[in-house]
Every structure is written in structure tokens, then in C-alpha cells.
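Chains here go by letter, A, B and C, matching the order in which they are written, and residues are numbered from 1 within each.
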Amino acid sequence: MKVSKGRSFLFRIPEDEEFGAFINGFAKRHNVLIGTVTAIGTLRNPKIGYFDEESGRYRVMELSGTYELVSLTGNISIKDGEPLAHIHVALGDSDGRLWGGHLIEGEVFVAEVFVQELLGEILERKPQKNGLALWDAEGL
Amino acid sequence: MKVSKGRSFLFRIPEDEEFGAFINGFAKRHNVLIGTVTAIGTLRNPKIGYFDEESGRYRVMELSGTYELVSLTGNISIKDGEPLAHIHVALGDSDGRLWGGHLIEGEVFVAEVFVQELLGEILERKPQKNGLALWDAEGL
Amino acid sequence: MKVSKGRSFLFRIPEDEEFGAFINGFAKRHNVLIGTVTAIGTLRNPKIGYFDEESGRYRVMELSGTYELVSLTGNISIKDGEPLAHIHVALGDSDGRLWGGHLIEGEVFVAEVFVQELLGEILERKPQKNGLALWDAEGL
């Protein structure tokens, strides 16, 4: 859907916060109902998910140690009446190898974040048959 | 070049569409001549390319199965008189390992996309000696 | 912090330039004091860093050859009185495997860049006890 630009925020999340919870709380406090999120930094002990189409569930991988947050791309929309960030990450280990997927959890060592609020109709995630909660798809 | 902001779009591509073809069609339908594209989601059987300087051609890798679309970064400009998206992707397998490069093809399982239209002079890709189609470079 | 949108730039960096130095010079020439940077393209012989919490220093990895610049995410703020880009990259080798981290250096073969200037209070990097130069963290 067509949206217009709202407020923009550039900030650093304090150390030891959980990334997703912080962004969801930030969106709630600032009333950001639709938006985009990007970030770089360093995360500790991130949990990432791979969505398995067959089972309709995420396979969870727990990485241990500190990882460069090489890319973080996400969006904010409404689920169960509250703003929810859906986030994917690429994470670099000490050998420079990259790991990633759906961000389930990640403790912030450093996170420099850009949030762009978007203004438009409510965009809501609704449960689908495939096990995911998705927006209505855009027609052709 | 300096550009100004046009329309913004946040949407989900329907399942089974080919990602690049959908974005090119979207740009054409909505007359987006310059822009940026980002997305997260899940792609099936993506084909990615690595540009080989020596041969001046892309080496094509066909991945099979379903991959997390961990990052997708692209731009829209004009090639051969029509809007064309140039897209790079990072893709996560079921073990969380990342693969990626130039997106040649990818079937959408889920794709949540943000397109930012930019307004300015026509930005056109022209064939170069090295085998790529590029914009004029920005001088110093 | 809340920021507003300034100018936007979409451009290609000339071949053989060093990516970070070019962006820092671009920011200085155009007086971009706060901003975001994204790019795709191809880099030669990139050097990437992994920040080691224990030593408080970056472990530097020198990759040789040509890599797809799969994602590049960065921000611009002030350090030592001048605009400085902080950049993380994901890089694809000829087998499609991804490597990445903090971008220390990278020679441009192709770089298509989007810079978004942001307007607001000065955002400054200051040395921290952990060895990094960071902005003040956003409170809860």
C-alpha cells in the first residue's frame, strides 16, 4: 500500500537490552504503528530462526558469543493490537563468516538503529494456513 | 546525483511470484523511474550471480529449496527505456549459513517489501566495456 | 533522537576509489553531518573487522579478490569534528558464500550508493571504556 513518511529516529540502544523487545517497546512508547527498521552493531548470543514450510514452524538456532550485526532489516506493523517488529539479521563471527535468519532474540552489545515511521492505513498481521502471521498480499 | 523523495510503498508480494519480475512490473505500473527497494521474507530456489571480472559475465549459482531472505537491497533506474531493479540478496539456509550475491531469480514464499520512489533526472544504465550496464559515475 | 529528513543522493562511486574514504569525503564536501548509507556493488580486496570485546580491539581480516557487495549498511555522524561513516558489509565470494563485518577498507569495482541526510542535533562519537567510539545511548 502507499504510505507517507512520518517521523525518523536515529539512536543507540543501551547495552544489555534485548533488541526486539526494545524496538517493540520503542514503537509502543512513540506510537509508531507502521515503519521500517535498520541497524548495525554487535549482538551477544543471538537466536535466529529458519521457517520450515513443511512443519509450519521456525527451526531455532542459538548462536553463542558475540557477533557483528552486519545487517538488520525489519518492518513494524500491528499484531494482536500492538506494534510488532519483524526483523531479519546477518551476523558475522570472529572468522568473518556470516550466519543469519529471522531474529528471535539478541542481547545488545552495540546497536545503532534507524527507525522510519510510515503513515497510512493500519497494516495488520493475521494468522495464515502456512503457520505465519502475514499482511494481506498486494494484488497485481 | 541529488534526488528528492517521491511516494513510499510497503506491501507483501503474493506467493509464487518471481521477485525481480514483480518489482519491475510494480515499478512500471506505478511509474517509479528511480527508487530504492528493501525486503525481508523467504525465497524458493533462488538463483544468484557472482560477477567475474575476467570473463565480464555473471557466474550463476542455483540454490535449491527454501531460504530465509535475510537482506535484500536494490535500486530502480532505467535500462532500455524501462524501469529495472538491480538487487543483491543474502539468503539463509536451514543451518543459518548465509549465501548471496546478485539476485537473478527467486520465487516468493513470503516477501515484505519497502519501495521508496526518488524524483530527479533520468538515471540510466548504459553498457560498459567491463560487461556491466552502469550509471555514469559521480565525479569527485 | 528524533531527526528530520534532509537531502537524498543516489550515485555511483568511480572505480578504484576506497569506499569509506569516498563516503567520508562526500559527506564533508556536501556537509552531510548526520545520515544513513546503503549500497550494493562489487568490492576488491576488502578488509573487514570483528570487534573483540576482551581485547577491546578489532580483529582485522583481509579478503583477497573480488566480492559481491551484497549489503552495506551505515550511518554518518561526527567524530573528532568531522563527518565519519560507520559501515558494516556482507560480501559474497565466487561460490556464493558470505563473509562480513565492520568495513575497514574496500576498493570499489562498482558501488551504487544511496545517502540520506538527516537533520537534527549534532550526533557525536565519543571514546568509551570498551574501546569503541559511540553516541550517547537512548534511555528507556
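We take it that a residue touches a chain if its C-beta (ideal position, glycine included) is under 8 Å from a C-beta of that chain, and two chains touch if they have at least 3 such contacts.
Fair warning: this is a prediction, and the values are worked out from it, not measured in the lab.
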{"item": "When chain B is superposed on chain C by its C-alpha atoms, the rotation angle in degrees, nearest 5", "value": "120"}
{"item": "Classification of the chain A:chain B interface as same or different, half of numbers criterion", "value": "different"}
{"item": "Computed distance of Cα centres, chain B from chain A, in Å", "value": "21"}
{"item": "For chain A, residues contacting two or more additional chains", "value": "5, 38, 71, 90, 97-98"}
{"item": "Interfacial residue positions of chain C with respect to chain B in the complex", "value": "5, 7-15, 25, 38-40, 42, 66, 68-72, 90, 92-98, 109-110, 112, 114"}
{"item": "In the complex, chain B residues that touch chain C", "value": "1-5, 34, 36, 38, 48-53, 59, 61, 63, 71, 73-75, 86-90, 97-102, 118, 120, 123, 132, 134-140"}
